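First, the structure itself, so that you have it in front of you.
First chain written, first letter: the chains are A, B, C and D, and each begins at residue 1.
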Amino acid sequence: MQCDELVEHGASVGESPAAIIKKCKYTIGMLSDPAAALSVVFDKDGVLEQIGPGKGYIDMSTVDAETSSKISEAITSKGGYFLEAPVSGSKKPAEDGQLVILAAGEKALYEEVLPAFDVLGKKSFFLGPVGNGAKMKLVVNMVMGSVMNAFSEGLVLADKSGLNSQTLLDVLDLGAIANPMFKLKGPSMIQSSYSPAFPLKHQQKDMRLALALGDENAVPMPVAAAANEAFKKARSMGLGDLDFSAVHETVKGSKSSG
Amino acid sequence: MQCDELVEHGASVGESPAAIIKKCKYTIGMLSDPAAALSVVFDKDGVLEQIGPGKGYIDMSTVDAETSSKISEAITSKGGYFLEAPVSGSKKPAEDGQLVILAAGEKALYEEVLPAFDVLGKKSFFLGPVGNGAKMKLVVNMVMGSVMNAFSEGLVLADKSGLNSQTLLDVLDLGAIANPMFKLKGPSMIQSSYSPAFPLKHQQKDMRLALALGDENAVPMPVAAAANEAFKKARSMGLGDLDFSAVHETVKGSKSSG
Amino acid sequence: MQCDELVEHGASVGESPAAIIKKCKYTIGMLSDPAAALSVVFDKDGVLEQIGPGKGYIDMSTVDAETSSKISEAITSKGGYFLEAPVSGSKKPAEDGQLVILAAGEKALYEEVLPAFDVLGKKSFFLGPVGNGAKMKLVVNMVMGSVMNAFSEGLVLADKSGLNSQTLLDVLDLGAIANPMFKLKGPSMIQSSYSPAFPLKHQQKDMRLALALGDENAVPMPVAAAANEAFKKARSMGLGDLDFSAVHETVKGSKSSG
Amino acid sequence: MQCDELVEHGASVGESPAAIIKKCKYTIGMLSDPAAALSVVFDKDGVLEQIGPGKGYIDMSTVDAETSSKISEAITSKGGYFLEAPVSGSKKPAEDGQLVILAAGEKALYEEVLPAFDVLGKKSFFLGPVGNGAKMKLVVNMVMGSVMNAFSEGLVLADKSGLNSQTLLDVLDLGAIANPMFKLKGPSMIQSSYSPAFPLKHQQKDMRLALALGDENAVPMPVAAAANEAFKKARSMGLGDLDFSAVHETVKGSKSSG
């Protein structure tokens, strides 16, 4: 069982979310998606049955603002404290304890669990009311998606213009926009290798949600919109389950001219 | 006179480009634009009058591929060696000796002047035939221009969505796309301050030329094209002489809704 | 009262939706928005209270597919027939009886009310299951929104290039893409006059919904996405309540160069 | 020989451009491209050898503004009159005498040859100084290229959303943006049939030139830029020699999801 190793290190296993809440002052949940995040709270033997004054629930799942608000309202109406705390960073940063924690909700709770956050991630932020954690994550992922497309276009342009792609990576890495993603993804993109760290369909979903957020607030985002369409094009080519860097395939043409 | 300080440090001043070429084995030129670069070579008392076998001319100006080719052909037809060597990086990297040199042309000449390049910049690359230096610079600047737009859209989206812009900078700086440009330009963009390090009209010109290069090679670049239109929009707003980060003004709206 | 003139021509006035449904075999509703469309059906004395076998309700409001489906399910679960029948065309076509009716739902009902549709509009279509009427309208409006932007860009390009805008209208009107919208909107756009026939914020909402539909089905729509961002830019400039042709203001720059 | 039929109808054949100019007060040329247009004027036995006061040369070729200016200067410096007169419309309108003539240059010459234009096309315009004919044609073709993309996106969105493509054509044909191009190209696009009336690579070249014209004049054209990238994508797929409606293939995905 997945928990065995943790138990050996001194952890104890709860029978249900409710049982854990009962035993602990603060409980952290990290679920795979909004449905799971809601189920752990609202279902039988869920968080809600035992949450109350003096107790806090921290949801580190990546969910939309509505899901977060729903959970927040239910918990606070029972007198409990709530914090949403999605993380920025994918597989590798998680393994290295290098995640960034984007917390929002009850500030007092944030301050109490900060020591735990300092172990889980390299840095945490308190962003204000519930929903702001989810929003910050969308903004960051939107910028990242556009930057990925800019990078891909540069790689193809270099290659088709007779320049060496690896040299472009070297030059970029010495300049004003040198960044870890170019370093990490560049070499595999050159080899058309897209083993999924962050699936393209999830990246595209985040771009869509960020564009929707921009729509609500009348923010024109033509570059993000163009990047989003490229990700959609990639989905239409059946690349949704590959890494988001597979958007590269939409830029590379099948023939060289016309 | 501008040269006095250098002369005090031991430099000598030539009367004309021809006089310098006559005296030196290798001469480096760094002119302000294509017209100046051509004039120094082709005008009376210019480089061409004294260039010949055993002598090399290195042009570090940022010029288009055609200008470079024209100079190259003239010099090699006289038996001289030529190298184009534009640099990547703007004001600050230049002052700090942190430029990246993008050399192309005569490889033997490149190898001979490498020690000088190592003093002038932090790193130099030899990119193949004349024209490739200019092309590499365009590709890099194109990616940078798109990234700037992605960044600007993120900053405005954060702000209009009730997030703190400075916090977004902090979060970005800890993540996969952390880069020097975000760090350098972010704080001033938040304050709508765009004192020109790299003028917007030059950035837009480079995007146009990169798009033209992509056109020749049938490379679709929808994100760069969207970014280019944003820079054009900024020009239409009279912002061409400000820093290229002034494209931020095209994303920020005058009213909050409608 | 608004109804007086109709009553003089022989119409009778019902006390409530329920009263009308009771009296009539088929009832047509045309409400201002989804909330009103739902209220007329679900509220006290609403359509649902009297609908049943042998009776039909036709909703000609412009609503989203979900609203339509909700109404459809409620009515059919009572044994009634339902047809959504939004119209394509704005103010002028409505006054001239030149609307196009986009019906979807119960085919038998469609066939029975066709004679009425033939009076109300110039042409009607039966499009299949409930929701397809709303979808068709979105597709049409999306194409229209992109075409409006293409037109606006052409008008500004002509003007800034020293061509006469009115002549462009004349040339376009003789060519392959001559269409009523260019003829109707062109002259007022040249004069920066945007009195609202179809408000920009509604056009932008339809583009957003069409893009969302494309997202669901992985259809890349880069031109519609660019057009949508231009409409959002217009909203950010406070132009949302003007005619959708006011997107023209986003293309016209404040100064001529930079 | 191509001319035989015309000769039977009373035409006479000239030995060379110079011979024709010598014989005629006004001469009309219609050549395939800029190179041919220049050759007919500047080569041995060309137009220039006989042009002079009292004689006019009308070039109906589609050429760029520079080519036109070059020819114009040469002819006017000999005392001759010049008119550029490219046509708007492709194969079918040409066969039907339905071309639109976009004349620019010497107004007096325009007025003298108007009767001939009235036979050759359905309508002609005088647009001012030489170059304006070429520019007007670019503006018109740019709008057309964007409209084609908007149309293609609509067709694919309808199809992928479960609507009938032919019905979309019917609905569009009754609405505000009904136009001959939708009617002509729609049915063949639905069948993925793109037999070239106007080759995609020529359309893309015109979009590029129109965007360059917009660049000169600081006109932001995000929708045209997105459309241009779609045409470039089509070129990268090897579709440059098909009809410009083949841009449709860039919107249609190979798989339905991801």
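Everything that follows uses one rule, which is that contacts are C-beta pairs under 8 Å (C-beta built on N, C-alpha and C of every residue); 3 or more make two chains touch, one makes a residue touch a chain.
Just so it is clear, the structure is predicted and the values come from calculations on it, not from any experiment.
Any chain touching subunit B that also touches subunit C appears here: A, D.
Taking A-D and A-B together, the chain pair joined by more C-beta contacts is A-B.
With chains reduced to the mean position of their C-alpha atoms, the one farthest from subunit C is B. Separation between the centroids of subunit A and subunit B, computed from CA atoms only, is 35 Å. Each chain gets a centre from the mean of its Cα atoms; for subunit A and subunit D, those two points are 50 Å apart. For subunit C, residues that reach two or more other chains under the stated contact definition are 214, 218-222, 225-226, 229-230, 233, 235-236, 240, 253, 255-258.
Of all the residues in subunit B, the ones that touch subunit A in their complex are 88-90, 93, 100, 102, 122-123, 125, 127-128, 132, 135-136, 139-140, 142-144, 146-147, 149-151, 153-154, 156-158, 160-164, 167-168, 170-172, 174-181, 184, 210, 213-214, 216-227, 229-230, 250-251, 253, 256-258. Only residues 204, 208, 212, 214-215, 218-222, 225-226, 228-230, 232-233, 235-236, 240 of subunit B touch subunit D when the two sit together in their complex. Interface residues of subunit B, counted against subunit C in their complex, comprise 200-201, 222, 226, 233-241, 252-258.
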